[in-house]
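Structures follow.
Both complexes shown next keep subunit A, but they swap its partner, so subunit B is in the first and subunit C is in the second.
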Partner chain A sequence: MTSPLPTSLHSSELAVTTRALSKQYGALRALHDLALQVPEGAVYLLVGPNGAGKSTAIKILIDQVRPTAGVAEVLGLNPQVHPALVRANVGYVPEQLDWGYGWMRVGRLLEHHARYFPTWDAAYANRLAKSFALKLDQKMSTLSKGQGRRVHLVMALAHRPPLLVMDEPTDGLDPVMRDEALGVLIDHLAQTPTTVLLSTHHVSEVEQLADHIGVLRDGELRAQMPLDELRRDLRRYRAEIPVGWQGTSMFGDAVIRRVTTRNEVDWTVWGEESVVAGELVGAGAMVCESAPLSLHEATLALLTQEIGR
Partner chain B sequence: MTSIALHTPPRWRTVAGEQIRTVRLFLRRTGLLLLALYGASIVIAIKVAFTARDQVVDGNLAHVNNAYSPASSIFIAIVACLLPFGVWQDEDPGRRGYHWAMPVTRHTHAVTRVLAGWVWLMAATVLYLLVQAATVVITERITGEPQSYGPTFAAWEWLVPFTAGTIAYMFVSAAAVGSRQPIAWVVGTVLLYSVLLSLLTLMGYPEAANRVASVYSGEYGVRAAMLGHIDTLDAVHRQTYSSLARWLGSTAIWGAMGAALLAWVSYRRPKSS
Partner chain C sequence: MLISVDPNDSRPIYVQIIDEMRRALVLGTLAPEDPLPSVRQLAGELRVNPNTVSQAYRELERQGVVEVRRGQGTYVVQASANGSQRRALARDVALRSLRDAHRNGLDAEELIQAIRSASTSHHKKDAR
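Entry: the complex of A and B
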């Protein structure tokens, strides 16, 4: 038997948890019953199409948005009760760049930011600014989207927070800077014990970095698991089938993508390989190929899965 | 529970110091303009004093009066009304994402920023009074006459600009903190009050009109708080007199209302969040 996609982790040490988290904007349901579990030390990739609720979930974690129902816990703290303490421990890169200090120069803004974070590492901030080719005398209002993103990355990393929450951190960066940013992040994680919650559409970029994934669609968590498990149990099966094969609807919702022709099936199925292959053979199909998916392919499959067929 | 050692948020004193520096940096050009204005007023006072010294009017020497008047607190109140628009420029409630991601609560951010602006307002007030005092001394030196031709004022009346500025600043700051259209709220409130007063008078409700008018000109009205004195109108004359008790009372009433309004808008969260 195959099982449905897992939505909970078996980890006792969690940096971020949410329980039955819901957010309603008038008639619009942004989040429903979200149970996010980000293990300590993990690099958790949160994926979902635009409007899936990723940014809302992230904003709830730093108390920028209050949930309609449910509870969030960040590093053991409720953000609604301890908003300042939570934010002191989070390096946040927002999706939208909201400055309010457009008249400030980059160097002055970094100084300003440093005063709010007692653990600010000035030497590290300078190194990061150099790596990101930031001009410290440039006015914030004149920065491009990519430059603004780089300033945010410096601000998020330089106080070495235990938790990084990054909403589309590479959005607006050119390919060279994207590479640089990921290199910096890899170095940072090697030097500083950090949990990362990362939301991005560019999943292939972070494949080498991420170790957990959560899939959010229409405000609901469709799947949540370690990436190893995803790579192991989400596979593409190509099998030859006899004419008039009766197994076209087997496995139910465990089939993430189902392409069936007259004499062949090309399915993406969630389940233990031996079990899936065994059941296919048992149903009269001849399995020709069983291959793991790349993170990009897996994400695409999970995001385009038709639910409740 | 997590085993991670948590970082502490910043001390409020550090945040307040940084906000004071930030507001100073942002307002430095406005501050220079104000300094130029103060300098110009001294230059004009000197010129007037020199002109008056040798001038004879109707066979008598002309007098010049540059004595301090608490009515000049209106200038500080105007500065106080304009200041919040500078302090909160580009930071209406829809554009505070950066500030609301900082390790201080929203209301702490709002109150601290307001306080930072107030510190500079008080500095401007001190400087303004020093300019006033210097003008008196310089005029006396030039004309050789004591500056006591106008009404004399009690020592407490030198405090009126501080309280007047603070009250005006708190109300306008509340509009700037809580609304995306603070100018509309400030101007709208004044207009609404004026229209209501005019309507009641025109429609023949003198008693109601008097009550509404007392909000401004009553014994504990805005005017008493802003100027430190009130007007009484008998059958013939309008008399102006200052009263410490009325000033203290009106300052307490309007100051408390301004503070309460400011606290309310600072704690209130926009509906979308």
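Entry: the complex of A and C
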């Protein structure tokens, strides 16, 4: 038998956890019974369609949104009880760029921001600004979306926080700057031990950086696991089947994507490869191919699976 | 040293880095006493998580291919390019080609013949 998709990690050292976290906006259920687990030192990728609850979950972690039920723990602290302490230890890149400081110049904003962070490294902030081609004398109100994102990245990184929380950090960046931002982040991680929680629609950009993934759908966690596990155990199987084959509903919900023709199945199945292939063969199918999925294909499959009820 | 990783490869990235280092040893682009790039440098170049590079280096150290010298970096220790490593490398390439052949509905014999004929015409081209 195949097992269901894992939603719980076997990691003891966690930088972020949420327990039974729910958020209700009137009749709208934004989050339901969320149990996020971000291991210390991980680069955790939170994926999901728009409206799945990613930003809501992230905002609860820094106490910008209060949960309806359940509790979050960030670096061992409850953000509702210690909001200032949590924010001082988190580098946050928000999805929406909302300054309220349009008249300020970039350099002045960075100085202003630095006051809130005792660990602010001014020399590093200047190096980062340079890498991101930011002009310190430019007014905030005249920045493009991409430039604004880069200012936020500098503000998040320059105090070398133990936790980075980034909501669509590459949104609005051109391809060259996306690559630059990735390089800057990698260099940062090589120098400073950091846990990263990031949400993105562009999974292929961070595929080589991330080591854990959480898949959020309709406010619920569909899957949560190390990426190595996803790469190993979520595979696409092509198999030839005899006419009138009886196995078309095999594996149940472990089949994430099921395309069956008269003489062939093309299924994306969750499970140990030898077990899945073995059961297919046992049922009379001839397995021609078993291939791993790219992260993009895997998340697409998980996000579009029709879940049996 | 030129090494590359491919996110679409079925091998985990740290395994790809190990394989690339072993390939460089067989080809002679890496020799004993050569330093490996720092974790920070290689992670930046490959655009991969520094932990992944560390994992690859740890594994290479465990296999006795490299050693970490305190405060200096990671160095190649193992002489290489011997027959068994070349055979292991050839076997890896063969297995990858075979998988690709099967996916395209070809059997091993057809692949071997195609390699022979492609290799012959390749050499002729080189000779001209």
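In this section, the second predicted complex is superposed on the first by the 308 of 309 C-alpha atoms of A that agree within 3 Å, B and C clash if a C-alpha of one lies under 4 Å from a C-alpha of the other, contacts with A are read in each partner's own complex, and residues count from 1 in each chain.
Here is the rule we use: a residue touches a chain if its C-beta (ideal position, glycine included) is under 8 Å from a C-beta of that chain, and two chains touch if they have at least 3 such contacts.
The structure displayed is predicted, hence computed values, not measured ones.
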Subunit A as common anchor, with subunit B and subunit C clashing or fitting: fit
Subunit A residues touched by each partner, larger count belonging to subunit B or subunit C: B
Geometry of the superposed three-chain model: angle at subunit A (Cα centres of subunit B and subunit C, steps of 10 degrees): 140
Touching partner for A:Pro39 - first (subunit B), second (subunit C), both, neither: neither
First, second, both or neither for A:Glu207, with subunit B first and subunit C second: second
Touching partner for A:Gln96 - first (subunit B), second (subunit C), both, neither: first
Partner chain in contact with A:Ala88 - subunit B first, subunit C second, else both or neither: first
Touched partner set for A:His112, first subunit B, second subunit C, both or neither: first
Shortest CA-CA distance between subunit B and subunit C [superposed frame, angstrom]: 18
Overlap of subunit C and subunit B interfaces on subunit A (superposed complexes): none
Of all residues in subunit A, those that touch subunit C in their complex: 41, 43, 179, 182-183, 186-187, 189-191, 204, 207-211, 228, 231, 288-289, 291-292, 294-295
Contact set on subunit C toward subunit A in their complex: 5, 7-8, 10, 12-13, 39-40, 43-44, 46-52, 102-103
Touch list for subunit B against partner subunit A, complex: 1-10, 14-15, 17-18, 22, 25-26, 90-91, 95-106, 108, 269, 272-273
Residues of subunit A touching subunit B in the complex: 13-15, 25, 40, 59, 62, 64-66, 75-77, 83-85, 87-89, 92, 94, 96, 98-104, 108, 112, 115-119, 159, 161-162, 193
